[in-house]
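Going in written order, the chains are labelled A, B and C, and every chain counts its residues from 1.
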Amino acid sequence: MRVQRMFLPAVLLIWSIVVFIPFYLVVTMSLKSPMDLQFSPLSWPSSLQFANYWKAWTQANLGHSFMNSILITATSVILIVILSSMAAYPLARRTEKWSAMLYVYFLAGIMVPFQLAMIPLYKLLKALHLIGEYTGAIMIYSAMGISFAVFLYVSFFKTVPREIEESAQIDGCGPLRLFWVILFPLIKPITSTVVIINSLFIWNDFFIPMLFLQNKAMRNVPLSLFTFTSEYTNNWMLIFAAVVIGSLPLILLFILLQKHFIQGIASGAVKG
Amino acid sequence: MINRTKMSITVCCLALLIVLAGCGGGGNNTAGEEASQGAASTQGAESSQGAASSQGTEAQVILKQYIINNANMNLEEINRRFEEKYPNIKIEYEGAPIDQFVTVIKTKLASGDAPDIFTIGAGTAKDPFVNAGYLLDLSDQPWVSRLTPGALRSATTNGKVYGLPRSQNVIGVIYNKKLFKDLGLEVPTDWEAFLQTAQKLKDAGLIPIGMGLKDQFVTQLVPYAMAPSAIYRDNIDFDQQMAEGKQTFVGSQWEQMMKDYVDLDKQGYINKGALGTSNDQILQLMSAGKIAMTVSLNAMVPALKAANPEADWGMFPLPYVKKGEPIWVSAGPALFAGGYSKTKYPDEVKKYLDFVASQESMKLILDTVQGFSAFTDVTPNLDSALMEIEPSLKTGAYAFLDQNWPATVQPEMLVGIQGVFAGGAIPDMLDKMDKAYNAGTKK
Amino acid sequence: MAGSICALHLRRGSMKRIGFDGVFLMPAFMVFTLFLVFPVISSFYYSMTDWNGLSSSMEFIGLDNFQRMFQDKAVWSGLKNTFIIALLVTVFQNGIGLLLALGLQGTGRINRFMRVWFLFPALLSPLAIGYIWSYMYNPLFGVINSILEFIGLSDWTQDWLGDKKLAIYSVIFAIIWQWVAFSMIIYVAGLQSIPRDMYEASNIDGAGALSRFKHITFPLIAPAFTVNMVVTMIVGLKLFDIVFVMTNGGPGGATENLALMLYRQAFSLNQMGYANAIAILMFAIILIFSLIQVTLLRRREVEY
C-alpha cells in the first residue's frame, strides 16, 4: 500500500529532474559571457550577463517579431478551434457511413508527410496571391491543425450525453445556439488542450513563415533566432536569451488556460 | 454561468471578425503592393530605354536578395553603400538558415517565384540550377577577367560564368601556438612528423586533434586536406579520369587516405567520442586550450578569435606527404551569389554584382570573413594565422573535391565516413561513392 | 435525417434552410481540402516521374520509383528505424504521460504549476533542443556522463549520440522528454471530464488504487487513450525535426528514418520523384497502422 502511494510522487519527482537539467542549461547559457561558455559550458555563470537579454531583444528586433508571432498564432488557433469543433460535432453524432468516411478523411491529414507538399502549396498560394501575406500562413496552419483538433473533439463530444441536446431542442434552441451556448462550454478542457498544442506548434515553427512570408518585417520569433547563427558558428548566449524571452508568452498562455478553463470544469459545470 | 457563456460567444464572434478583417486587409495590401511594383517595372523599363537622366527617384527598382546567413559578411553595409550609389535601386536582403536554404530556394524556383539574387554553390553544385535554366549568364561581366583561374573554374559551367565568387576557402590544420611553444613543438612538414607531434601532445595530456564528426560537414575535411597531396599533385587528371569512367574510388589512393584517417582515431589522436561531438563543442574546447589542433576551414580562425581573443592561433597545411615532398593544399572558392535568369531587372542585378565585385566591396567582405581573395587584384587584411598558410597556397592547391563531382557523391561520402568511424568497412564506403558517382552522371 | 432533427433558425431569415451538418462541416472541410489535401495529392503525382525538383521538364516513368524503392537497402533500414522510433515513443510517451497525468490531475496550485513545468521542453525551438542535447549527451564532458561518473558508475558512460547502436535510443529519449507533456495534458483533460461522483462512489467502496484505475478510471479515459495512442504513433512514424537537429540521421545513417530520408532525397540528392515515392510508402504505412489502431481502440470505447 505504501509503495503504491509513493509511486506517483516518485515518478513526478524523477521527471521533474529530467526536465530541470536542460532547463538549467537554457537559463545558464542565456546568462553567460563568451569566455564563460568556452571554459565552463556547464557550470553556473561566473557573472550574470543580463545584458544578453537586452542585446537579443534589440539585435533581433524581437518586439516586432513578437507581434507577428502573436498575430499569426492567435488567429490560426482561433480558426482551428472554431472550424474543428463545429466540424467535429456532426461527425460525433451521426452514425451513417459518410460520417465515418469524413472522419477518416480529416484524420488522414495528420498522417501525410507534409515536407514534399511545399511546391504545390507554394504554387497554390501564389495563384491566390497569398505569398507574403499573413493570411496565407494562417490558412496553412489552420489546415494542418484541423485534423488533430477534429480528432480530439470527436472523441470527446461522444462523451457528452445526448440528453443535454435533446432537452435544449425541446426548449426551441437552434443548432448554432445549442452548439455555442450549451455544448461548447462543456468541452472546455479539450478546447484548452487544442489551444495549447496548436499554439506550441505554430509559435515554434519557422519553416512556413520563412517560405511563405519571406519578408523581414513579417518574421516571427523563431525565425529571428537565426539572426544569431552563421555558417560556422552561432552566438548561443543570445540565442538562448531569445529562446527564454520567446517562450514567456506561451508560459503565460498556459497559466491562464489552466486557471480559467480547467478550473471552470472542476467547479461543477459538467454536472449540467 | 450564463454571463460567462455569453461572454465567450462574444469573444468568439470578435475573433472571427478579426480574422475576416485580417484577411480583407491582407488582400488590399497585396493589391497595393503589386500595383506599385507593376508601376515601378514599367517605369524602370521606360527609363532604361530612354535616357536615365530624368526622374531617377521615381523609378524605384526593388531587388530581392536571398543569401545564406553569414552573420559576419558585412552585407548590410555593402547594400547600404550600393543603395547610396544607385538611389533608384533598393536591395531587399533576407538571410536564410543554412540547413533550410536549399529547400526554400528550390521550392521558389520550381514555383517560378525566385528572388533576383541568391546564393549558389560552387563547382558542380550549381549545375542542376544551370541545367534547369534558372541562372543568369554573367560571362560578359567586367569582373570575370579579374578572377583567379581557380575561382573562374568554380564559377563556370559549360563554358559560361554563372556566379560571382566571394572568397577562396582553405582547409588546413589550425593549432594553438602557445601549446606548441610550451612543449617545444615545431610545425610538422611530413606525415611522420605530424604523427609524432600528435603523440607528444597526447603524452602531455592534451587532446591532439579535435574533430566534431557529429556535424556531417566536418567529416570530409581531413580527406579533402589529404587528397591534393595524395592524389592530385601527381595526377591532376584524376577527376577527368573519374568522369570518363577510367578511375574509381575503390582501388585508388582513397583507401590509404581513409585508413590513415581512421588510424588517427585508433591511435587516440582524435578526441574520444568524435562522432558524438559537434563542431561547436570542438571550438569551445579548443579556445579553452584543451585541444591543440583541428583540421578545419579558414573561417574557424575568426570564430576561435571571437571565442577567445587572447589565444594565439596558427594554421599550416596538413602534411600528408613523405619527407621532403611538396605539400599541396585544399583550397576551394565559395560563391557569393548568382542572378535569377527570369528576373525582371537583369541589368540592375548585374550592376549590383559588379558593385560587390569591386575592389572596395570585396576587400570589406574578405576582411570580415577572413577568406583569401578570389580576385587577382584584391588583397585583404588577414589574420596572422592565415598569413602563415598563405605561402603554401602557391606551392600547389586543388579545389574542394565535391566541386568536381556529381552532386550525388558528397552526401554519400559524408554518411559513409561517419559509418567508417562507427566501425564500417572502407571498401564498402568507397563502393557506395562509386555507385553514387555513376548514378549522378547518368542524367 | 441529419437536417430533420433541428433546422437552422436565423432571426433575419434571409437564408434558406440548410442542413445544419453542412453548415458545421463545410468551413473546416474547405480549408482542410484546399490547403492540405490538394497540395499533398498533387505532390503524389511526382512519384511517377523522374523529376529532380528543379528542372522544368520531367518524364513519366510509371512505377519505376516504387520498384527501385523496394530494392533500396537504405529504405529498409530507414523503415526499421521508423518503426523502432514509433513503437518506443508510443509506449513510453503514453506510459509516462499517463502516470504524470494521474499524479497531477488535481486543480490545486502545485498541480497547475507542475503541468506548465512539464510543458517547458515543448516550448523550445528545435535549434535550441539540438544544442542542449548535444551537451547532455557529449561523451567528453556531457551532463549525463558527468552525473554517471559522479555517482560512481563510470562504466556506464557512453558516446550517446556517436555510438551506432545507442544513438537511436538517445534520440528517442529526447523526443519523449520533449513531448510527454503533450500526452499528459490530453490525459488530464480526459481525467477532468470524469464526473466527480464516479470517483467519490469508488472511494467510499474503498477500492484499491490499482483496481480503481483499472475498473473505473481507465475505461472512462478511453477517448483520451485512443487519441493519444493514435497521435503519438502517427507523430512517431513521421518524426523529423528533432532527429534532424540531433543527429541528422547519423552516425552513418544509424538514426535515419523515412522522413529524414525523403527530405534528403528530395533536396540534397535532387531526387524529388523518388522522394515522393518514399512519401507515399510512409503515408500508406501510417494509414494502415492508424486505421487498425482506431478500429481496435474504438471497439473498447463502445464496450463501456
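Here, a residue touches a chain if its C-beta (ideal position, glycine included) is under 8 Å from a C-beta of that chain, and two chains touch if they have at least 3 such contacts.
Note that this is a predicted model, so its numbers are computed, not measured.
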item	value
Shared interface partners, meaning chains that touch chain A and chain B	C
Contact-richer chain pair [A-C vs B-C]	A-C
Computed distance of Cα centres, chain C from chain B, in Å	35
Distance between chain centroids, defined by C-alpha means - chain A, chain C (Å)	14
Junction residues of chain C - those touching two or more other chains	53, 131, 135, 141, 263
Multi-chain contact sites of chain A, meaning residues that touch two or more partners	41, 79, 82, 118-119, 226, 229, 234, 236
Contacts with 2+ other chains: residues of chain B	103, 110, 280-281
Contact set on chain B toward chain A in their complex	1, 4-5, 8-9, 12, 15-16, 18-19, 22-23, 26-27, 29-31, 33-34, 66, 68-72, 92-98, 100, 103-104, 107-108, 110-113, 279-281, 283-284, 287-288, 297, 299-300, 303, 306-308
Complex interface listing, chain C residues touching chain B	50, 52-56, 131, 134-135, 137-141, 159-164, 244, 247-254, 263-264, 267-270
Touch list for chain B against partner chain C, complex	99, 102-103, 106, 109-110, 128-129, 131-134, 213-214, 216, 271-278, 280-281, 285, 407-408, 411, 415-424, 443
Interface residues, chain C side, partner chain A - complex	1-2, 5-6, 8-10, 20-21, 23-25, 27-29, 31-32, 34-40, 42-43, 46, 53, 96, 99-100, 102-104, 107, 112, 114-128, 131-133, 135-136, 141, 143, 146, 177, 180, 182, 185-186, 188-189, 192-193, 195-196, 208-210, 223-224, 226-227, 230-231, 234-235, 238, 240, 259, 262-263, 266, 272, 275-276, 279, 282-283, 286-287, 290-291, 294, 301
Residue ranges of chain A touching chain B (in the complex, touch as defined)	34-35, 37-39, 41, 71, 75, 78-79, 82, 118-119, 122-123, 126, 129-135, 138, 180-181, 184-185, 207, 210-211, 214-216, 226-236, 264, 269
